[in-house]
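Please find the structures below.
Across the two complexes that follow, chain A remains constant while its partner is chain B and subsequently chain C.
The block that comes next holds the complex of A and B.
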């Protein structure tokens, strides 16, 4: 130990004499009396000693490491310790030889920080051109600018330590990253990235270095790849030249000195200087351009199609929407599930899966209904809550099913479905007792509602006939009752059809029955009857109207999408739309029909519209989309001609039109009308009460302004019951 | 509210000094104070004095002012009452005729003197206001998918605290998760808002009403959240979360809530549930259209004149909004009507216009009556009626002839 201490003390320069024995002994102990390592440690620990220690190492050849020092005149051990600060040990001679050949190469590589100067020249050019062309757009550029500035700094930074090592005369302090940190009095925010680049030159550059490459993207076809950054040995010599003998500590700021020196020496290393100012400016402009571009992209360009002509040209099948109505648990969803399954719209595997899952929940008979009841709550409770839409095609027509909920709480949803329908399928539970209770319940209400929504044609599917063993008497009994009820409700007898069927087993839906007991029925099946429906006339030339039935996120590309059925008019990509009641304008980014992108859509089609230029908060279910040229207006008060289902007095009501539901109040009964002529009956006498079945003109005041216009069909509900339905005036 | 001093002569003149203790009392004060009354209350007034050099200094002083009321403004959500008027008594800082708006404060006396004297309805209001056995406030959430109305049902008012609307994606094939996520988000927002307005740990009923399963889902959500967060106070209060069926999420569905059996067992004899019952009885009779139920000012007045609203089931339902009339004559008209019904032995019910039932009554013109015997043709000579009806609505509201 003693000997070791003496040896180390010898190795240490006289300037480091203040190092105590104890201080020397400690590293000796830890390094197992390895003098060389101990010296290295002490050198690193007591910076003032550093250079002396090194010098000694070089001079004193009698030491253990002497032989190695001979070869490279460089203390290997120190190099080990400062492995990540390689500049420390690179001999001057080697630097000199490396610089010349490497210099152009570094520039050409364009990847490392050194590559940037090369870029900047072009950028300056671009900047000059751009500046002439347009005003500088500085907003928003700052963010991207920062990393770029970082880059600039980085290259100059890696130069600095070089300067230090090449002049070797001044003391190196401590170890590793401490040195660049203290040297450069640069802005604080750059500190971190600096440290990073200094700490581990071999590492891939920090992510913020990647940012400028985006910028560069706009300028060059090939972005610089900082990832290719060669190791520091490679970069350093090249960087070193211009300022080889500058003492960074002498100048006010090493960065400034470097920049100044570089800007002077314009030919050789001088590709960096314009970076500081010109580059930033160029970047700002470039960013501005980029920002402008970003604004432009989302707006789809209109092809200015003549949609109506396109529609004429396109040979599409007839499209028809029908709503499936009936009392709760009549088997509406199951019937439709069966229909889709038999028509191979839903595959066997899906059905099998539903069957398994339904059995698990103890509801095996609900499996077919699950085709339409997709909601978790709907499945758990076995009740349809919201309208389900599904499509299928026959040879003649493309149908859209609107499967309505039967429960009385969800009648607003059913109304929403019925308002989109061209005709209706009324499902009736034929089993004993159920038909009777249904007739009192929603069978009646639904039928009246679809009639008041303007539905003319109704197909009655008398379901669950298998439970009464396909009794023809039962079928005829129900048929008589229903047809008399429907004719009083205002349906024409020729628009009524009756089909016996079993949703669970599939008889008379897509195929004829195999049951012996059902042979008596020879009429068409449900699908055949559906196909008999005549094409409906659409209001194609009227101004655009669409009631939003759903607002959702259509994917990452389309943050805001709406769906609904076009009630009137047409639209195409790029069209401007007006959303009421928010009175917000927006644009069509893309259109979809049946999950396929299209360029246009016309009345009668169910369309998904991806919007741009509007916030989500302005778009709600039940809002109306119209064209800004012929907008729909918001009203707070309306006069309508209604057919009363219940007693009407001035009272609170809910006004429902499609998906739109708003609270309001009947403020006045303007008169009872004659059903035939529409004239006010009873002269001037005031009406206090409208009795069920009477036609009356009422004035309704709404809680808030909503888009409604004549001739819209509205339903008035109060206390969970439909009290009236009618036409706006 | 506490009655501090009452000094009323036989002819109805005199003063009453009251001490409001809770925000609800402001509502009583709102019904009590009418234009042309004399109101004395403490106020802070800014006094600006001009010096000899023309420089002005201003300071705030506490003064007790007596004003002749000209306008009343009530904010039901904040429970604040602002009474504007002209100063009627001079003091050191303020001269007679200067305008001042008194903000009535809780826990500060105010003294009221009626110009026309204290009538029976006004005294009833005072009696009602100083009643000690008050029913508590019942919070309720009336909701449907994507819409929730959080309100407080107090004895005399229904205060809508907050309306919540969130977009919930509808079900679409293959996107079932969106809807569930939307519902969870909706419940989350509703619960957060509810907690901000109402202490859900208090042992009192909290009504959750909705069509379908929304309210039940919300109750489950509250419980799940409480379990997740280990909120014992909420868990213990589970029995007080009452799920009620209503036909929609709009506020006017509250009347269905109030008459549902679940609520009636809990809040049987509260004033509002009684009021609701009266309105329902009236509506049932009106449906029958047998001439026993009449609404509208003229008809009811005529019926009362004929003594049809008397002993044995006659009920006069009148909204207290009618008594807030700016015109003295109008108020007097209704007060006499009420007095006449009481004299005949009928029941006169003054319904709070801030309750659901009162709102329904207001739709009928603010006044309705159940008669003891059928009367026909009360609605003749309508021309005359038109003119009178304009007076009915004090603030010149949009309401026009209803009959």
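The block that comes next holds the complex of A and C.
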């Protein structure tokens, strides 16, 4: 610019020596530093009248312009300068109009991408007009036109009418620009495409081109201007400067500048500004937005977490599932209802309501059981039918209760519950006669079943001791009988615990007894005993196995969801799953634990998995979910080592594993095994019958392929009775 | 398919009644069939402008002037006036295809042509009917050969044309059961020609690469003054002619001398007077397309100037 100014000054004739640098720079700028053109322009401008330059200066400096443009024929004097100053009595026509600042073109509303939106059309028009005015002036310019030509020199001002006419946000080019003649003193002429084409000589309409109709005119022409003298517009300072046109985000923001200075001052130098909370949050939001994008995809993308490491980090409470077993009417549900009530999992109101309803049905003692027995059928009959789950937490551990049905008709449900349990609570009815009948009944069967399902530890809650007035003899009697039975069933003595309690009154459950007669018991309460249970070992590193315990519709967005306990392995969002026996692959859309969305889950947790990419028909209760990398195989024939409860001969049986149940038949007894060593006894003699209590290896043929594999535990039932239980081989 | 979403008016025409006194009085007030005032080889004047719809990637508006009624004494009823053609076209895209869509190595073009309910003398429905779908298919054919589709894999572009004022199929005076001589729906031809031109402008406005700008043109063989004579006219206005024997519409690329769409309707027949052949018809349609191409180019030049900041 400086060089150009010097060059122009040299080229100017001596008569034009008074021209200021600023005046030189302006045409230079507009002619893109073309020295020749600038000189020509300056010469043409300054030769006719010297005063023009001065007047222009005045006008450019103050952006306010009077409507009157009277010529000052004298050299500049203060008096003339203030000559037309109205001194507060400003005529209406000269009052400035404030115009909304020119908003940057956001293009937020779309619009066709403009190729080079550098200059607005108005700017361009102004430039064209300037050129034209200059041409006219050079060919004998009149005094009237000259000031007008000067007026348009300030390109920033030519943008003003646009700000007035434009509606914010829409691209400017969509409208025909405002009439170029509007700035001229001539009356405002209604613009048409014809006027436009006259302005631009390169565009000669072809003969076929029509004038727009009245309808088209409403679409394309600008609305008539408000009756205002355009000259009285007043731009807010700085708005019309070229800065407004440049990208406001190109440089560092003022905050960045300050932050950089601060960090430099505190010696952090090259590290750049530290991240503020705001930035972090912005990043989080950005991440969140990215995560949202992922939801568009048919399946959730895996975060590729190292689930095991995450699990270590998470330091969750120990989680333990226990199954409550016992003879029918031993008070299992009531005991658990009392437990939940005393631990404030269930509020008083709910219990009161249950009490009222139970009294109405004439079963007031069942009120606590209704906490777990939610089904109307269950409540009406007063028995648990299906597994009910509930949760509570102690200081150390988060427990999941699996309240199993005691009735022998619902043994499969009980097995399903037991297969998810880490340990068992055996509830025994201590009242006279009930214990004996129970021992013969499901007490024994349940204990054997949970043992065969792999449960190691059993807590025996001797219930209803209040009915025998907390007799210690009764407690000891039951304890001896049960412990001898459980030891024979294969439980270790150290894994047994006996607690006297009363489910109905709540003694020794969450609190110690207040009864005088119960003072003899000094051991732990049921809750304390539960808390003593060791953290269970989780098969985290093994391949994923999960038996589906429920299939349901998890909401509008999750058309298919399953729930179950992860038996082994781990999973995370986005993982591929293989559902057996259907052999269908699907993907995890989302995971939930305790109604809270999580990213991953590990063995031992009860999860709800929202699936994607699978039809409902392929997912059934009892199916096994595994990872496609190490799938579980469907087998039609299995060899298992079973403990016989009844006489086993080649017969049709029902093979139950968790919720999975399939019909099959024992096709061969491969041998009777020694209980201690596991060796085949009796040599090679073919065995035809396995007596109750014997350990035998049997071969079972199944009707259809089911997902079963080696360390799994199965129960064989026949005719509504459990005939054997054992390990797959 | 029935439209169950709206309460629709009667399916029949809903234009205001025309009373017979206007039709049967003396010759001075007799409403006459509009006459073609242009020479047979002159097109109607066309107004074409891009950048109508700010929210679209590209848009254009086209109108053809209405033919003036020859009789100035006719009552100025709106229902008696003949209409021109007014089309507006928006182009959305190229934009990415939805995730669910299968992979496509080239751009997927979808065209929608819809008459506004008020566009024709007989009110149109809100759902596209078969003739509108037909126009859409023709338009797609015309445009598919023009767009360089390989440059946008996995993307789609939608061309949506709304016909604000449609060409009439016949003079309304004939619309009383007595004039149903020919195949009808001649207005569709001019509409399709306009659709092609306006879509071409909108696509250019959207900045989609094309091998050339395609323009549409119509030519028709009409029954002449004499009983047996036929005449070939460019850009026919159906109300102006007693009978249109055949019409052809082409979508023509002038720079490459290619035709991307050709649709001939009607029957020139093996009449004794073989004044015109189908080849001649198509050639004349190409001439008409050249005429509209000129307007198209002028409009696009204006667009380009506006975009490049020249004026």
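In this text, the second predicted complex is superposed on the first by the 431 of 729 C-alpha atoms of A that agree within 3 Å, B and C clash if a C-alpha of one lies under 4 Å from a C-alpha of the other, contacts with A are read in each partner's own complex, and residues count from 1 in each chain.
One rule holds for everything that comes next: a contact is a pair of C-beta atoms (placed from the backbone, for glycine too) under 8 Å apart; a residue touches a chain by one contact, two chains touch by 3 or more.
Quantities reported herein were computed from a predicted structural model and do not represent experimental measurements.
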Which superposed partner A:125 touches (first chain B, second chain C, both, neither): second
Which of chain B and chain C A:387 touches, first, second, both or neither: first
Contacts of A:701 with chain B and chain C, given as first, second, both or neither: first
Partner chain in contact with A:512 - chain B first, chain C second, else both or neither: neither
Touching partner for A:552 - first (chain B), second (chain C), both, neither: first
Touched partner set for A:9, first chain B, second chain C, both or neither: neither
For the chain C and chain A complex, residues of the former touching the latter: 43-52, 54-59, 61, 63-65, 84, 86, 99-100, 164, 205-207, 291-292, 294-295, 297-299, 301-302, 304-311
Touching residues on chain A, where the partner in the complex is chain C: 109-121, 124-125, 128, 170-171, 173-174, 177, 199-200, 202-203, 205-213, 215-216, 219-220, 296-298
Chain B-facing residues of chain A, complex: 374-378, 381, 385-390, 407, 409-410, 412, 549-553, 563, 616, 619-621, 647, 649-652, 654, 661, 663, 665-668, 684-686, 688-689, 691, 701, 703, 717-721
Residue numbers on chain B that touch chain A, as the complex places them: 146, 165, 167, 169-176, 178-180, 211-213, 217, 245-248, 250-253, 255-256, 283, 286-287, 289, 294-296, 359-360, 363-365, 379, 382, 398-403
